[in-house]
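Chain IDs A, B, C and D follow the sequence of writing; residue 1 opens each chain.
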Amino acid sequence: MFWDHDDDKPREECGVIGVYGHPEASLLTALGLHALQHRGQEACGIATFDGEKFHNERHMGLVGENFGGDLHARLPGHSAIGHNRYSTQGKPALRNIQPIFADLASSGFAVAHNGNITNARALRRDLIEKGAIFQSTMDTEVVLQLVARSPKPLMRDRFQEALTYIEGGYALVGLTNKKLIGARDPIGLRPLVLGKIGEGWVLASETCALDIIGAEFVREIENGEVVIISKDGVESYFPFPRRPEAPCLFEYVYFARPDSVVQGRSVYEVRRRMGNQLARENPADVDVIVPVPDSGVPAAIGFSEASGVPFQLGIIRSHYVGRTFIQPTQSGRQTSISRKHSPNKAVLEGKRVLLVDDSIVRGNTSKRIVKMVRDAGAREVHLRSASPPIVHPDFYGIDMAAQSELIAANHSLEEMRDFLGVESLGFLSVPGLYAAIGVERNVEMPQFSDHCFTGCYPTRLVDHMRDESSKERQLSLLD
Amino acid sequence: MFWDHDDDKPREECGVIGVYGHPEASLLTALGLHALQHRGQEACGIATFDGEKFHNERHMGLVGENFGGDLHARLPGHSAIGHNRYSTQGKPALRNIQPIFADLASSGFAVAHNGNITNARALRRDLIEKGAIFQSTMDTEVVLQLVARSPKPLMRDRFQEALTYIEGGYALVGLTNKKLIGARDPIGLRPLVLGKIGEGWVLASETCALDIIGAEFVREIENGEVVIISKDGVESYFPFPRRPEAPCLFEYVYFARPDSVVQGRSVYEVRRRMGNQLARENPADVDVIVPVPDSGVPAAIGFSEASGVPFQLGIIRSHYVGRTFIQPTQSGRQTSISRKHSPNKAVLEGKRVLLVDDSIVRGNTSKRIVKMVRDAGAREVHLRSASPPIVHPDFYGIDMAAQSELIAANHSLEEMRDFLGVESLGFLSVPGLYAAIGVERNVEMPQFSDHCFTGCYPTRLVDHMRDESSKERQLSLLD
Amino acid sequence: MFWDHDDDKPREECGVIGVYGHPEASLLTALGLHALQHRGQEACGIATFDGEKFHNERHMGLVGENFGGDLHARLPGHSAIGHNRYSTQGKPALRNIQPIFADLASSGFAVAHNGNITNARALRRDLIEKGAIFQSTMDTEVVLQLVARSPKPLMRDRFQEALTYIEGGYALVGLTNKKLIGARDPIGLRPLVLGKIGEGWVLASETCALDIIGAEFVREIENGEVVIISKDGVESYFPFPRRPEAPCLFEYVYFARPDSVVQGRSVYEVRRRMGNQLARENPADVDVIVPVPDSGVPAAIGFSEASGVPFQLGIIRSHYVGRTFIQPTQSGRQTSISRKHSPNKAVLEGKRVLLVDDSIVRGNTSKRIVKMVRDAGAREVHLRSASPPIVHPDFYGIDMAAQSELIAANHSLEEMRDFLGVESLGFLSVPGLYAAIGVERNVEMPQFSDHCFTGCYPTRLVDHMRDESSKERQLSLLD
Amino acid sequence: MFWDHDDDKPREECGVIGVYGHPEASLLTALGLHALQHRGQEACGIATFDGEKFHNERHMGLVGENFGGDLHARLPGHSAIGHNRYSTQGKPALRNIQPIFADLASSGFAVAHNGNITNARALRRDLIEKGAIFQSTMDTEVVLQLVARSPKPLMRDRFQEALTYIEGGYALVGLTNKKLIGARDPIGLRPLVLGKIGEGWVLASETCALDIIGAEFVREIENGEVVIISKDGVESYFPFPRRPEAPCLFEYVYFARPDSVVQGRSVYEVRRRMGNQLARENPADVDVIVPVPDSGVPAAIGFSEASGVPFQLGIIRSHYVGRTFIQPTQSGRQTSISRKHSPNKAVLEGKRVLLVDDSIVRGNTSKRIVKMVRDAGAREVHLRSASPPIVHPDFYGIDMAAQSELIAANHSLEEMRDFLGVESLGFLSVPGLYAAIGVERNVEMPQFSDHCFTGCYPTRLVDHMRDESSKERQLSLLD
């Protein structure tokens, strides 16, 4: 069972990895990026330091297409960082692929990050006023520029000072001529784990990247923690005031690979239990449980377990959909053809079918799949979402629809059921989601960032608020 | 759930499709090839006729990478044929990609085929003696040359005459300036189905190609049948002496997509029943049934149904493995890392695990997966193959190991169990396989070509016998 | 002084070379093709035989761009043939680049040619009727097909038999597993010379290709001669009835490189003497002699010698004009800008300028250059053509304008002078051209093919006549 | 006659052009770069501003290969700057191609330059200390960074402030959202001219770039002048203390195209007079004057005029030598083959030949050519250099040999004559060179930078002196 993400689903920008002190650092980094490919398929890059020089390669496309062959000759060195990018707008320029690199006064410095810096545009404007020249349009470069301008002599201190300026959710890896640096935002929105391989160390977005290279999981980097890995081992710093963590719930719902362990819990097991809970909350009298592949599979298995209704592959998913496949320029009939999902008539024909998906964002893909299943002969089609209704947008690195596009933000359950064309529709509840994870939601201070479901944003949003206020200003100017 | 084929598995060369009488013939052909991509991922090609001229594009790589954009402008016309190739040796030259085309006296003629002509080398030698110049090294070109040289005036007759020279298993599609031609070998080893879309017609290797373009399934082309599709409709010819059909069993075991219907049976259902039967023939006292993804999934679901043991995703499959991914040039440790399959520890740890795979060929991949599962903490690992032991090679278009490499051809069950490192090993029986299909095997004249399991080859093998005899001659010369 | 050909000038398709018996055959072939690059810049190819296998590489673009690096590793072998192509229509497909190759019954056979087979289309039609499949649309392939079909057992005889079918002007090189073959048409329209390098042999279109590799000039291949070069040396055959040679005059006028020796005469010296003669036939009272670079330079030097008027570089030529340079899509003003020729005002301003060009075909380039020179301040502009008026088209491999486009075929001298915008215009006479070569024209049987100037075509023109007669038939059908 | 530069000759890095206020700014820029192609063939770039956004394209290779097609659609706008690069080390990265661009606080700013900033490394080190991040390794970026950091509010003032920090020889063009900027170093080492086209303005390295686009020459930018071109016309500033100009003599000797006008003098005429003077200073009793093409042609014509000895093309130059042509990896014999120059035996054989070249740097190419001419049968070979002996290296943008490689810096005339293998050798004298230009050399303060011939460097050399002193330090450390 392979793991891939769907166009209509919320998406995170980027997976990161760093390797320190291993003779095949670039190879391990490439393998780790390969395991993290589900977090970003548009572009990838690796930077290494070979004891004398930095090397940096950045490419459009998949890891496996770009980092084959004799990688160590191209990217030599015992330390490396790597990055997978999911681009949110059009075709990214090469200069907008990470890691980004600069020669600083004390050392070269390469950096890559996952997440979103919510005050990046404001900081960028300030830095340009002060004479900074940006080589990219990525928010990551703000970190680089802040480090470059810090008056502190030690890189360790320069980096921490830089972090105190930035807000948002992020997991960062940085590489100097002596050190591998990792950092996680104050509430731990984006994930980062530490592993050990031989005498070397690994930082990665998910444990599946440790597994593929045979590294041992050590621990998660804590929220607000900065780790400096050098020949003296791992030093830990906490440059921010300590506060409780609030990792993003979407790692469980959608982002993480099912074989990863997040916050000590198997993602697969959490998703299976989400299916169990969903069956208890939203049962249905049906003949067969069919997952929307791939991300709906664990919850569908869980639903089948709890309901006793058989699990069958009623939808086959093709994975050969390249970036440039046939555009639907033709007659209306063509556009309704799903090229990614195909119905398995033998399972669906004449049956009462319950579809399980991980989430419903805009609803367009779901609607298309429902129609496809019904056209294949299903007698009834029921739809269940293994996560609660998404009613608020994200600003921490998930490339999701604007609020106006979120189906659940703008429609009642009955309206949605009608739009999607199903006999019944059900969502997992917020408490049910917490139950599947195994905790009870703390209403005062939720243990996870669940703003998409609840509207409780865990940080202020500088750039967003400026945008909104400038919109208002523009509007008032029109009067 | 996506569908892909594994490197260690028997593979068929090629999927074919033909479209007649549709204003978007090349687009339908591309979509159909996309649905047939599991039959060949190395190269693809499309030829069309636009009323005046033939157009032919052939590329290395996937359909979706090559046939996007404004396809109709590049490949105009109301009729088209297409081909997916699985290359068996190295990097194929462009000239060895199908369809192949030639200007014949009466018309241009494009042709593509799936299968293997077992006397192609002998025919080629004869044709060269007579002054023929070959533009490729493909056996398909023999058909083209035979058609070119036929003294008959009508293309219909030339084509049928050509077929009388060739032996082996094949499904052919051909395109002239007036007609779409389809043909299936005398015993129907390779599949070909007929569909209808609007006023137009479609020929394809599998029904899933009809489904993706919204074409209606009409019927299978019969064994030994030639169909000539023109503005006058579908004419049918039987140039060979009639004999019973014997389609290749591997379509059910491995080749066909689970949502295809082969010989009137759902492939998914047959595979699920193979799992049922396998559970009855080879039960085991275990905690969890885990499929080897993707091809083992339907049988594993069937095994779970019949045994009552839960089905879980204990192995996660990455699909981002490109053709050029990282080569294992490094230390021994790396080579044991499976980059395609990852263990899902939460499912496997401490469990008695039963793995279900569709077949076991050389055994190397199975051995690696078993080790991976055990390393992930499984207490016991049992392995079941949803097909019988493969003990004989194929010569009809399946690119399988030589007999000396087939694990079951050279080892006892106990030796295999030992080699694979499992607590127990079981194969579906030949009668059990027929039972899952729903027929009882006719020992005198089996209803399917099952030579890989039984050694009963349904045709003579000219090229193969010459090779063998020339080997003997060479040996005797050494004396 | 470099040597290049102009867009508005008659052009020959192709230079050829063959090397036999040299350990660096492909390198010598590439260097020779480089020296012959002025004969064809669109595409190039090299085929070699390494004692076991044939190798063939064909590319769009220049020799230096395609055949660098470790050529011997890519194209091993002690014998090779090569080809430069000047494409006459659009972007040629790779399959239309030479050498072309086929596996024949007795041996592989690669062939390349310069010239034009005037009955190729008729032969092609006949061969297709007989079942031949063509891999290209080149007339060269007719030779290959005829050789393939010859019933004779020896390649030597098959090749000579094939030649008896073809008509036109050609210089052919062929490569088998044992031999290098060269052939020149019955009247020797296209050139071919024989050279020796160490123990090996070389065939080439011009002596400049021998010079660059340090080969010694042996002799010209005679008209109607076939040479078979093998380990036994050079054998010579004359398969046609012997007749006097009549090489194409354009080698002297335009095609050959000035440092080549054609028919025993230095091309540079002939051109310089053409300039001498031109000055005697068409003097003018001017201040400076300015060549139209590059092909007008030797004649301009000769004109200066004979007239005593100083030679100066009044026009500078840029050679950095690639195949895809800026298209003149803009305002009218831009189109009159010559991007290839620039005026050197210091030489032209206030002067009476006499321009010397090698020939005038359509007249458009000349007109543009005259205007440019006048705009740069020339007080008077006189134009002299170092060859006679071109009044008839060529059919032997020169890609020249159709008769309707030839300025001299449709206008009087005064009309041309007026169109070109010059104070005076003069052409070398036909007797003057022969005088510069050093022979007196034999009116009964001219020593050179001078049909472009005189209309005396030295062969019949099968394809052309069929075209003309089919045009007539079409016309009569319209009545 | 085309114009190209030889590998063994001193080379300047770069040609620049800027266009303001023309609807086809990018097309004019591309045509101008094409005319300046002799100043840099490795890479080229164009930046435009379309009223809203900046566009920037930079490519490896020739202008004609990269900037064809519908250029205005790709690079829209009424103002543009462009750059040709001659790379001095290996394969330059894309980021090291100009123009370079940055978003500054007030506006975007693109800049390109010709020449060399002799304190660039020192400035770069200082800027990095202050937190600047460089996107390239080019000295040009120092200007960009200095402008970015200037505290002045107006771009005009920021730019002039930046110039006060830099030393060396340069001609700069810059583009903002409102203005086109041009600047020439305090002594005018590198050239820059101003032209007018319709309502628009053009800046370019040479007048030949004005000619190709039909722009009218207005004047040279003065030494130490900054021009700001905007809708208000051309403003002129002189930010440096005024001092006499001292343009680089090599523009006359080698760099500029012969049809350009430099400092009011036709380059062709100056070169021809250099040939006249050379004949007077170094006569010889010979039969023929032969230029080393292309750069030796005007002086050879001048030598012929003054000596009365005929001028003939004794060496033919091929221009089809691509960047990747055949490497001489083979036997010794091959390496002596000149692939660029071919002897024209008809001119050379049995003759006393006098070769005229523009200059002699290392002497290797000259030696090879002399040998080639002698091998072609010349009875005597005499060599004349139309410039004085080069005895000192350049630091202002000419990529010339180190002093240890300069033949004239390390050998007597007799030693050189012996090394080159000629009957006689002669150089133009320094006073003779000035005479050809038409001025008498002012010994106190030469009117031209002639340091290569005289050792009189017109500026201090910060980076170079640091290198030298650090070398000394290293040496002393070894004691």
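Odds and ends about this structure:
The rule is simple: a contact is a pair of C-beta atoms (placed from the backbone, for glycine too) under 8 Å apart; a residue touches a chain by one contact, two chains touch by 3 or more.
Labels paired with UniProt names: A, B, C, D = Amidophosphoribosyltransferase.
This structure is a prediction, so every number in the text was calculated from the model and none was measured.
Within the contact network of the assembly, the step distance from chain A to chain D comes to 1.
Note on chain placement: the centre of chain A and the centre of chain C lie 63 Å apart, centres being C-alpha means. Our note on geometry: chain A versus chain B, Cα centroid distance of 37 Å, whole angstroms. Looking at chain C, no residue sits in touch with two or more other chains. Judged by the touch criterion defined above, the protein chains form a single closed ring in which each chain touches exactly two others. Interface note: chains touch in the pairs A-B, A-D, B-C, C-D. Within the complex formed with chain C, the residues of chain B that make contact are 94, 102-105, 128-129, 131-135, 144-145, 148-150. Every residue of chain A that touches chain B in the complex is listed here, in rising order: 1-4, 24, 27, 30-31, 34-35, 37-38, 41, 62-65, 67-72, 208, 211-214, 257-259, 261, 266, 268-269, 272, 291, 293-294, 297-298, 301, 305, 310-313, 315-327, 329-331, 333-334, 337, 339, 342-347.
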